[in-house]
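Note that the chains are named A, B, C and D in the order they appear, and that numbering of residues resets to 1 at the start of each chain.
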């Protein structure tokens, strides 16, 4: 039985990992930390947890947070994890961070990212950058010797899983990639704002951050590592009135492959990836197929008139795009089967 | 390990019990039967089950349906279960029927119900009416000697659980009861129709069946059994644009009890009911608290100015209102703990 | 051509009256006032108005607000209108206030209301209370000699129109009234909060303010004026995931009237009310029928088993429940036909 | 005063034009025709029209349909208009057809379209193909000498308006165009089906018709006429849980233009187009800005890192994408100002 601490328990990412940990046979929750809702029971903040998690949320200053935990989840904004991750590791914890803090392998890459999104480009914990790994198990081996993982961004998961097989196979022009991505509203977090006030959102959709979305940097990094050339994408973030789910339509120029050949490439790439399901363009697909689950469903298609790859990637942004993938990382970091507490079908409708 | 057959697997009630059985450690699914979708894989009809339930759906004539199963779920309309339940029991099965077929203890009560909703009043399997029980474990002991259960209607679960403590305590005027009930759309089933076509439903609500809803008969039967007087309710069914969930506002005249006293009555009544959570009127409540779960959350309130009970009952119509409650019955009929495969918190948001 | 000022232009009530005034052939908008969004174009705050209303929103201190306007709409919270309505009237304006400030005819009634909702019970402009009228034209004559009107609350409109004919006819027990009311989210205004953040609201419903809703006082006042007895209601406010619309189910004990007789009472009462449509319980009804319009559709029904009236009242809370009714008042206060700029069918779907 | 007949009055396209005609000062509705709902009042089928349009819907065989009307709207599937348009024109009517029947100028182009979507390639009324015009007034002059118009497809309107300025200016590679289009559910029409059953649609999104959407042919035709080269697009149709609205993200390779230059091209192109509003990428935009209106809002952007145009086109699919555009055509065909009955801002929220 391992003991977990969740930092940022009051947000969607925090409650998501809490729900998963509650069902996990090998973990118990030791400490829930949040800046907001301090002193309240987790089940008062999230009433569906009543009887399941009645622990009191503590502030980051609480002595309880200084105890030893086997695993610490940082469901926090950029810049938080890097301040105390070393300390946690020194106390014997393994760290899984949801932000951009540990997604980049060098201080230079981090600085590029931080500049892109307007943050201080100096990383607070550069030594850990050589230890961390970009926590997408379909691309990087995450093993039980890993002490820290940068859990990927939700859009990034959807785009990278949808493009990696083609980039690795060298069959697309990596300068021609377009990622047209639609997310549900939960991706924006729990804090209310005007854009996501129900009357403004219920029958609405829009693109946003046209000038540049923070996930672009990691997508280009990860795809760049897979192929021979640099990758430079056009990325459009959009929000539609669903709660959970990302659907990304991914386009790139091909050199004559057929849909069947492409399908083969994708199946081969994912043959050992239990949470990726590959299907052809005739099979109906929708985000309802993955809602509430850790799966990524990829529809693989070729527009043969135009020699263009079109892959449609479906995930639940709070699961494979966040807490689910974090738990998958945790399983691997502790030598558990990657599917424990995760291999579940969801509910329909 | 017991073996289950699901009749009506192609509908919401069928997929709901299938999802639950897949997670249940003591059950395996042996046979999925449906009139529609015959010959297709369950996971082609419900793609979220891909890799979890790829069994082929068979027709009711398929020899496979004649084999022995330990438990048979009839997720079917009125009149189906009564045609073959005896045969199933003769083959050694226990039967859980979702329709009105086995909710009434006598041919007379059944005839009253059948007349009310315009069906043939002659029951096809009257002998079983003396064996069946109204399958709401909070009211009736369901034990491992039980061979057949009439799983209650969704509105009925919500109203009965919300009123039973007060009726049993004899503190309300049973002629003054008003049940104002709002359901999500999934309660109407999987078959598309004009009323539930997205553009007509998304920003809409309406009352329906004002002349009489089929669940009224069982609500009046069950509450009548608890108290000394006959019960005669005013019932208004309404549909609102949510998928899952029933919220029923229940009103009745009291004789001077305070909110605190009423709360005590409700807590006492439910002290051994693991799936009922009682709370006072100051505690926030919403159907999101029970979405995807088998819980019934009751907000207990008194309008002291008017000496009127007001209870707000929240359930997931497809869980405590249908498949979840059916599994709870199954657990009890086989001597399992009632919470196996059910005691789960749901997902938020 | 009359000139209008809208105070509180940045909220839903303000944009609602702005939309209506823009289409009204006899009015021009002279001044838009708001505490928020000062200095921005109305069409930057509400982009659908681009090209239709590009006026700059001014602060309450702006000299422009001190000019003469023929009509002033206060789309503001309680306590705002009473501070400057006298001044406006002195400048020759007619005043329509959306809050509780001018809904009560005496300082005592106002104090009762103010106490009920926790406000200062001393009215700031008591002289106007003898001049104001409760602005529901179906109950009170609003004529061109009227200088000030208290525009009613949205729930109140729905309940009063649904009960007034029966109360006036003296056929219901006024102590038995229950108002079970469901509103769309826009009723809570434009300011974002956690309850109406899309992920919390999209598939959810809940009751709120069980301890007492501010509209109860005016419902009881207005119904009390119609009948011989005091009226004391049980009122339950609920919110469902629609944007616009209130559906109120109204119950009360009858003395043996049939549905047909009741229908006659309601039709007679409303024979000169152009915005009230009365229908029987067999006619399908939903809030979509009134969405975007100033109509109130009443389904009139009797539960004959229980001698109970059941009326279902449907309005658009932002139209007949707010800005539409305000314009209807304006039309009457200036001697225009009450339907000018209002008698429109809405859009479907 | 001109007299109108609406064929297909029972669908969304039919009720949409009916709503608009009811408000138009120069038109009266003479005849409503539909295969379904024959013999019912229009206001029984669409209750929001009660008191506004209580005409009885007649069958296509009704003698009333053979009378003279000044304008006939075919809100009907492919293949209907071509069977009787000549007859209507012979009786003195002008014809506006919503289907593909009259969108193509030659029998060859029509055959190509018909083959693409699996219809009989032989046009039933080839003589009219030389008279008809593709009814997008921003591209083709529609004048009062025009007797027949092929009203464009909803996706086509959104894509063509979003790309026409760039294609005409010759600044994009017409082989690099990608149209990633998301539509609301009303685009699929009024007939219920499983995909748009509320429980399947409410929290869902999906791509469809990946093998080829019927609007591709007309988009390529119209853009091809504007530029020097053939146009061959990759097109992805998607459906999201909104009722009304299309948001199309349009991509193409540029040759070094800046965002500012592109904006200039778009503004110049649209300087005389009253229903197209052009804005830069910093200005917030969403489909709520055009909901219920005839406007097309274009966000014009350049991804300068990749020399790629990105235009986001927002329309209401039932207005500028269907009935609104049809009325705009009618206005032009009768010499009215194009904005009569259309230049309205919509409602928010």
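As a working rule, a residue touches a chain if its C-beta (ideal position, glycine included) is under 8 Å from a C-beta of that chain, and two chains touch if they have at least 3 such contacts.
The chain list, named the UniProt way, goes like this: A, B, C, D = N-acetyl-gamma-glutamyl-phosphate reductase.
Since the model is a prediction, treat every value here as computed from it, not as a measurement.
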Interface with more contacting C-beta pairs, comparing A-B to A-D: A-D
Relative to chain D, chain with the most remote C-alpha centre: B
Chain centre separation (chain A, chain D; CA means) in Å: 39
For chain A paired with chain C, centre-to-centre distance based on mean C-alpha positions, whole Å: 46
Computed distance of Cα centres, chain B from chain A, in Å: 37
For chain C, residues that touch 2 or more chains besides their own: 12, 184, 186, 190, 199, 202-203, 241-244, 284-286, 288, 291, 349
Residue ranges of chain C in contact with chain B within the complex: 175, 178, 180, 182, 184, 199-200, 203-208, 210-211, 232-234, 236, 238, 240-245, 247, 249, 251, 281-282, 284-288, 291, 299, 301, 303, 305-306, 308, 310, 312, 349
Chain B-touching residues of chain A, taken from the complex the two chains share: 12, 15-16, 19, 22-23, 46-53, 186, 190, 202-203, 243-244, 277, 284-286, 288-293, 344-349
Footprint of chain C on chain A - complex, ascending: 12, 184-186, 190-194, 196-199, 201-203, 241-243
